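Right, I'll just put the structure down here and ask away after.
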Amino acid sequence: MLELEDVRGGYGKLEILQSASLRVPDGAIVGIIGPNGAGKSTLLKTAFGYLAPWAGRIALDGQPIAGRRPDEIMRRGVGYLAQAGGLFAEMTVHDNLVLGGYTVSRAEKRRAIEDVYARFPLFRDRRRQLAGALSGGEQRLLAIARALIVRPRLLLLDEPSAALAPRFIDLIYATLVALNRDGLAMLIVEQNVEAILAVAHRVFVLDLGRNAFDGTPAELRGSDRIRRLYLGEDDEA
Amino acid sequence: MLESLLEFLIQGLVLGGLYALFAVGLSLIFGVLDVINVAHGEFFAIGGYLAFAAVVLLHLPGAVGVLGAAVGTFLLGLCVYPLLIAPLKRRLGGRPQGPLYLVLTLGLSTFLQSSLLAIAGGDYLRVPPQVSGILDLGVTAVSHQRLLVLAAAAVLLTALFAFLRFHPEGLAVRAVALNSDAAQAMGINLPRIFALTLALGVALAGVGGALMAPLFNVYPAVGFPLTIKAFAITILGGMGNPAGALVASFLVSIAESLSVMVIPSQWQNLIAFAVMIVMLLVRPRGLFGRAVSR
Amino acid sequence: MTTRARVTLAAVGGAALLPVLLPHPFVLTIATQAVIWALLAASWDLLSGYTGQISFGHAGFFALGAYAAAAATKHADVSPWLGLLVGATIAAAVGLLTGFPALRLRGHYLALVTLGLAEIIRLVAQNWLALTGGPFGIHDFRSFPGLPDGALAHRQAMYLVVVAVVVGSVAVMYQVCERTSAGQAFRAIREDEVLAQTLGIDTTRYKLLAFALSSGFAGLAGGLYAYYVQLVSPVVASAATTSLVIGMVVFGGLGTLWGPVLGALLLYGLYEGLRFVGVVYNLVAVGFVIMVFVIFFPRGLAGLGRSA
C-alpha cells in the first residue's frame, strides 16, 4: 500500500535520512523502531509530505506521492497522528472533530461525529471543553477518533504511546488493534518497543538514517544482536 | 464639560469603525500567515481609487463604487500570496524569518504606492459622498457618511466573525492560525487559505478606502498613516488576534479623540505610537495576547 | 577581502574620482548624494545585515543627525565640522537608547518599534516649531568653511569632503565588522543568539554597540546631508527614506558592507536617472527591486555569481 524506497531527506541542509526503505502492505501494522535521532519521525513526516524527500521513491497504491502536500496525501486516505500538539488545543473537542471531517459532507460529518460520541461517551460529555484541557491520554484518543472521521485506509502514528500512563497505552493499542482488524493499515513509529512488537506484523529498525534490520517481531526477538542493540537487555521472563 | 466628553466620545466611536476595518484585517493576516502586511494601506488607497473610477469616471452609483472597491481589492489581494509570499517561503524553507517578509511587504508597499502615483498622478481626487446629510445628536453632529463607515464596519466585521466562528471554511482559517501542520492533516489546503485570508483582510481595507474617499480624498499615500497606526492598534490588541484588534481600535480612537481636550491636536497621532512602544516593552503580546514567539 | 570585493572597490574608487576629473554640476549633485546614501546604507547593514537586528526606523536617526547638525550651526554657531560630530553623537545616543528595548524584542516586533520611533521623530520634526522649524524645517545655516568659491569648484570640493568622510566611516565600519571580535559577535548574534550567549558572548553589550555605531553613522550621514543640501525638513524622516535604504541594502547584499555601498550608488543613480524619464517611475523601480531581490537574490549583487 505504502512504499518508500531509498529515501534521502532532512531539514534544511541537515541530512537525517540517508537511505530508508520500507513497505506497508494493505491492512498490516508496520512498526519503525530505532535509537533517538535515527530519523524515524523524519521518515514519517516525509512520507506524509511535511518534508519533501531529496531523493528516493514514495508511492501510495503504486502512485508516486513524493513532494505532494500533506493535505493532498490526506485526501488519498491517509491519516497522520503527530507525536505532540496534533490537536487544536484552543478549540473545543467538538470543533476538533468537526475539523476532522473537513473533507467530507455535512451529513457524513454529523454521522461520523455521532459515532465517535457513541463510542467514547467521555467526548460527548466534554464536547464543549477546550481540547487542551483534556489529559494526555484523552487527547491522544481524541486525535485518533478525529483521524477516523474520514475513514482512512492508512494511519501514520508518531509515537502514540509517548508520555502516556500504562493504562492509556493499553487502551490506545487495544483500540488500534481493533481498528486494524477492520482493515485499517498502520505505520507506527515507536520508542516503546514492547508495545509495538506485541501488535506489529512487521518491524523496521532504523539507525542513523538508514535501515538496519527488518522482520517479524518473532525474528527480531530471535536475533541476539538485535535484542542487544535495539531491544534493551533480555527482558524475557 | 460633560457635553465635550460626550462629543469626543461619539467622534471617537465613529473613528473607531474605520480603524477596526483596517486593523482587524491586518491582525487576521498576521494571525494566519504570520506576515505583517506593510502594504495594507495601499489597498485602502486602491479602494479609494476604484471608487473614484466607478463614480467619477464611469458615473456609476456610489454603492457600485464600494462594491467595485471590495471586489477589486479582493482580487488583487488574491495575487499577493502566490506571487510574492509563496516564492519567499519556498526559498526560506520552514525557517521563520519574520523580518524578511516585512521587507517584502515594504517593497510591495513602495511599489504599489508609487505605481498609483505613476498611473493616477499625485493630485488629491475628490469623490462625492455615498450618503449626504448630517445627524444632529445635540451634543455633536456626525455626518451620515461617517456613520456609514461605522455601520459598514459593524456589518462587515460581524459577518467576518460569524464566518470565522460558524462556517467550515472559517473554522479552517482559525485552524491554520492555530496549528498549520494539524490543519494540513485535516485536508486543509494551506496555500488556498493563505491567499483567501489575505484577500479578505485587504478587501476590508479596500471597502474602508472607498467609504472614506469622500472624507480623506484619494491620493497615493492616503493609506500609509493608517497603516502605521494600525500596527500600533494590532499590537495593543494582540498581534494575530482579530477580536483584540477590534477592541483596541475603539480604545485607541476614543483615546485619541479624548486627548484633544488635553493636548494640541497635531500631537494626536503620537498617542498610538507611544502606546505601541510602551506595549512592546511591557507586554508584547498585547492586551488579549497571542504569544510573542511562535 | 575577496577578489570580487577588491575589484568592486577599485571600480568604485575610480568612479568616485570621475566627478573630479570630468566635472559636470549635475553629475556632481547625484554623485554627492549617492555617496551620502552609501553611508546610510552601510550603517543600516551594520545593524540589520551583520547583527540581524532589523530596523525600520533608520530614517529617524538620519533625521536626528541632520536636524541636530543644522540646529547646532544655526542657533549655536557651531562649526559645521563640529556639527557633524554633534549630529552623529546625538543620533548614536538615541540609537543606544533604542538598543535597550531591542534586547527583549525579536524580529518584526523590533522592526515595528523602530518604525514607531521614526514616526515619532517625524511627528516632532513636523510639529515642534520652535525646535525644528515645523514643516518648513531648518534652513539658512552655513556649510563647511574653507571651501573654494566658484560654483563648480565649490561643488567639487564639497564632493571630495563628503567622499572623504564617507570613505573614512565605511572603512571604520568595515574594520569593526570584518576584523574585530565585535564583528564576529555581531554575526554570531545574527545566526543564533542563544548559541552566542552559551558561547560566552556578551550579546547585550554587542547589540548595544551595534545600535550605537549604526545610528551614529546614520546621524553622520544626516549631518552631511544637512550641510550639503542646506535645508532640513521633516521629509528626511519619512518612510520613503527607510524604504530606499532597505532597498539599497537588499539590492547590494545584506551583511557585506561593500554590497550596500555599491547598491546605494547604483540604485540612487537609477533612481535619479529614472527621474529624467518620468519623475514618478523611480520609486516604482525601487519597490520592484526590493521585492524581486528579497525573493530571488537574497545575497544581492554581492552574491551574484556565487553559488548559493
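Letters A, B and C mark the chains as written, and numbering starts fresh at 1 in each.
Here is the rule we go by: a contact is a pair of C-beta atoms (placed from the backbone, for glycine too) under 8 Å apart; a residue touches a chain by one contact, two chains touch by 3 or more.
Just so it is clear, the model here is predicted, and its values are computed rather than measured.
J.: Can you name the chain whose C-alpha mean lies closest to the mean of all the C-alpha atoms?
T.: B
J.: Report the chain whose CA-based centre is farthest from the CA-based centre of chain B.
T.: Ranked by distance of C-alpha centres from chain B, the top chain is A.
J.: Let me have the rounded angstrom distance from the C-alpha centre of chain A over to the C-alpha centre of chain B, please.
T.: That pair's centroid distance is 42 Å.
J.: CA centre of chain A versus CA centre of chain C: separation in Å?
T.: 54
J.: Between chain B and chain C, what distance separates the C-alpha centroids? Give it in angstrom.
T.: Roughly 31 Å, centre to centre.
J.: Once bound in the complex, which stretches of chain C touch chain B?
T.: Per the touch definition, chain C meets chain B at residues 48, 54, 56, 101, 104-109, 111-113, 115-117, 119-120, 123, 126-127, 239-240, 243, 246-247, 250, 278, 280-284, 286-291, 294-296, 298.
J.: What residues of chain B sit close enough to touch chain C in their complex?
T.: It is residues 36, 84, 87-88, 91, 96, 98-104, 106-115, 117-118, 121-122, 224, 228, 231-232, 235, 264, 266-267, 269-270, 273-274, 276-277, 280-281, 284, 292-293 of chain B that touch chain C.
J.: Which bits of chain B are touching chain A when the two form their complex?
T.: Contact set of chain B toward chain A: 93-95, 168, 171-172, 174-175, 178-179, 181-190.
J.: For the complex, which residues does chain A have touching chain B?
T.: 11-12, 48-50, 69-71, 74-75, 79-80, 82, 85-91, 95, 98-100, 102-103, 147, 150
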